[in-house]
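What follows is a set of structures for review.
Presented sequentially are two complexes of chain A, the first with chain B as partner and the second with chain C.
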Partner chain A sequence: MSQVIFFIAAIGVISGAVGVVMLRNPFYAVLALVAHLLSLAVLFLLLRAEFVAAIQVVIYAGAVMVLYVFVVAYVGDQTQPLGERIGAPGAVGSRLRLGGLLLAGALVVELLIALLGTGLQAIDGKGAGYTPGPQAFGTPAYIGKLLLTRFLLAFEVASFLLLIAAVGGVVLARRRHGLDEQEEEDLLVPMDLLRPGSAGTMAEGVGRR
Partner chain B sequence: MSIAWYLAVSAIVFSLGAIGVITRRNPLVVLLCLELMLNGGNLALIAFSRMWGNGDGQILAIVVMTVAACEVCIGLGMIVALYRRHLPIDVDELRELQG
Partner chain C sequence: MTAAAPLAIVGYYEPWWIQIIKAIVIFAVGLQLVPVVLIAERKLLGRFQGRYGPNRVGPYGALQPLADILKLLTKEQFRPTTSVGFLFALAPTISILTAVAAFAIIPFGDTQDIFGTKVGLYGLDVSIGPLYLFAFGAVAFYGIMLGGWSSGSKYSFLGAMRGAAQLISYEVSQGLALVGVIFTAQTLSLTGIVTAQKGMWYFIPQFFGFLVFLVAGFAETNRAPFDLTEADAELVGGYNTEFGGGRFASYYFAEYLNVLVVSGIVTTVFLGGWLLPFGIHPPGWVDPIVVLLKMSLITFLFIWVRATLPRLRYDQLMSFGWKVLLPLATLNTLVTAIVVVATH
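What follows is the complex of A and B.
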């Protein structure tokens, strides 16, 4: 049974990845990545990583992909120029593409040799023993205990990294050319009575009060 | 299923991501392909974690996911900034980061 599930999930993972690389429209590429991530979560479940599979679905396939969809919708459809240039005969892009394919083919051969030819006995086994229980391998309790004891430093550093990235994202994507005309009109809305100054408006975003 | 199968899938996914990073020109798709490469690494980490019955690989996979989320945040912020400045959304046209 687990073999059937493995092959279905592995086909989903690989076809999702092919879809991300091949599809012209970035929006479809994002959808292919969502399919890829969901199939990958099934593989994680087969490897007894329940908590990682759950956060893969909730955070990756949920939150991060929503961010991608918003940016694709904001930037707009970039399909046309991409297709034109690569399709042009004798373009530099086609030669680069062939080189990229060759390089990636060499990479997959090398990785397979490195991973499967290691001579590790355990690689052909089904993994270490597993006994189900409330604190078994891969459950939230197990991961939480590790994160707050042995890997506390990594946990704290990751939280700082997230904070820095959030601030950096706001700074990078802020608008730099001031407000548009219609936004400068001060319309009094009921929310203005509840908040200080121009908090939460575009005027705050460009640093004007 | 033996662990080797999972490692083979992870190697294939990593290489597919590498193809995308090298050949695609839209920075959004390049970011998506970077995610593919990180996911290939994550699958290998979790497979090895299962192999030894040790949770360290899973913790490292969670940290990799955190780093991927940060990378997406910064990368998409840069793409939005490019769009706001009416620069071409194409990694071949963008040769300098100045300004």
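What follows is the complex of A and C.
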């Protein structure tokens, strides 16, 4: 049973990953990434890491990919496939191709080092033993205990990094505003004249006045 | 028994045939509850608005939902020429699957002895509890999003986009509202949370968590006053504008099942699940009835709110979610954490 599920999920993972790279329409590429992440969650479940599986779905498929889908559905146009710039002749296209090849080569070397170093030895192993229970491996209680004892420093540093990134995002977004105040005022005044006195304004809603 | 139940961590393993029976029973119960909620909503909305509501089909109009379902299922399947075929068919399926899957974790009672085997009156009792719910909630988003996008219509697309922004905004508050309960109960398992409420139901010590969860629940299920994804006055029908027949019925079914799921989770987490107040211990077969009664109370609240409150403006919805609900939920979590640490 677990073998069958493993192979179904593995096919999903690999075809999803291939789809992200191969599909020309950005919207389908994002959907392929979603399928990849969901299949990965199934693999985590098979490894008894139910907490990681749930977080994988909630954070990646739920939050991160929602933003991707949001942006691509708004901005991405079906009539302009992604491949055009890379396939284009001339200086830009060939440089992009060269850069892509270099990065892919670096990734292959890195993966080979990792595989030959430790990955091959792990294939013959049986993995950690499993006993069901509230404190078992992979449960939230077990992970929480590890995060607050053994990996406390790494956990805190990572959360600070995320906090800094979030604050940085807000600061950068504030610096770039669309219309300047006067221009915005001119746009809004005619709208105010047209509206009945009892109705609210959009500007009011976003806290402008 | 290695691969049969990777999700379950309860102290025992149920035999495989019990798990199959439970899956069928849960699906059947969910399927039967939806028409009941449908007719209850239409009758109650009628009463709230000073009219009778449906009263032609069957006694007191009780067979109206069956007539509606039959009508929808026998309709021709069609789709707009601008739509994307397989996504258009897939999207309602995702919605309905995730709704039914989320329904599986609602505990309807303690473990009972049935034919000499111990059976828990729930689909599964996962060690990750509410996270399971949020995981399926995250996937359910794609049902709405893909439905709106693949229709190839502007109104559907706008509805889907609103749905996307609304769901990720309110999911955060909803999750944070439950953290206080988890701190107090010291477990993520939903049956564990129910048994931890033996002394006092959590809606008293966790009143703000209860309020925030309920309000965010209205938004997550796209119900009034947060039904901006389908806002019929502005967007025709929102993400399901182009859907008809069985596919529309799937969306409709999923929406009402989601209402039931939120009612069930509120019942379990804040209203003591199958427990009765004043230390009354009825026999085991009463448990599901207690849970269903409490669920119908919350569902009634959903209908009541729909009949009472007008729809929010979109910017009000966003600022309410981020500026009121989220700080309130965070504060609730913080205060609960301090109290729990101080009293332990």
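Quick note on the criterion: the second predicted complex is superposed on the first by the 124 of 209 C-alpha atoms of A that agree within 3 Å, B and C clash if a C-alpha of one lies under 4 Å from a C-alpha of the other, contacts with A are read in each partner's own complex, and residues count from 1 in each chain.
What we mean here is this: a contact is a pair of C-beta atoms (placed from the backbone, for glycine too) under 8 Å apart; a residue touches a chain by one contact, two chains touch by 3 or more.
What you see is a predicted model, and the numbers here were worked out from it, not measured in a lab.
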| item | value |
| --- | --- |
| Touching partner for A:Val66 - first (chain B), second (chain C), both, neither | second |
| Touching partner for A:Pro140 - first (chain B), second (chain C), both, neither | second |
| Partner chain(s) touched by A:Met1 [first = chain B, second = chain C, both, neither] | second |
| Contacts of A:Phe51 with chain B and chain C, given as first, second, both or neither | both |
| Which of chain B and chain C A:Ala35 touches, first, second, both or neither | neither |
| Partner chain in contact with A:Tyr74 - chain B first, chain C second, else both or neither | both |
| First (chain B), second (chain C), both or neither touched by A:Arg97 | first |
| Of chain C and chain B, partner touching more chain A residues | B |
| Shared contact residues on chain A - chain B and chain C | 2, 46, 48, 51, 55, 63, 67, 74 |
| Chain C contact footprint on chain A (complex, rising order) | 1-2, 5, 27, 31, 34, 38, 41, 45-46, 48, 50-51, 53-55, 57-58, 61-63, 66-67, 69-70, 73-74, 132-134, 136, 139-141, 200, 202, 205-207 |
| Touching residues on chain A, where the partner in the complex is chain B | 2-3, 6, 10, 13-14, 17-18, 20-21, 26, 29-30, 33, 36-37, 40, 43-44, 46-49, 51-52, 55-56, 59-60, 63-64, 67-68, 71-72, 74-75, 78, 81-82, 85-86, 93, 96-97, 99-101, 103-105, 107-108, 111-112, 115-116, 122-130, 137-138, 142-143, 146-147, 151, 154, 158, 161-162, 164-166, 168-173, 175-177 |
| In the complex with chain A, residue positions of chain B that touch it | 1-20, 22-26, 28-29, 31-33, 35-36, 39, 42-44, 46-47, 49-56, 58-59, 61-63, 65-74, 76-81, 83-84, 89-90 |
| Residues on chain C engaged by chain A in the complex (per definition of touch) | 2-4, 6-7, 9, 11, 13, 126-128, 131-132, 134-135, 137-139, 141-142, 145-146, 149, 157, 160-161, 164-165, 167-168, 171, 187-189, 313, 315-316, 319 |
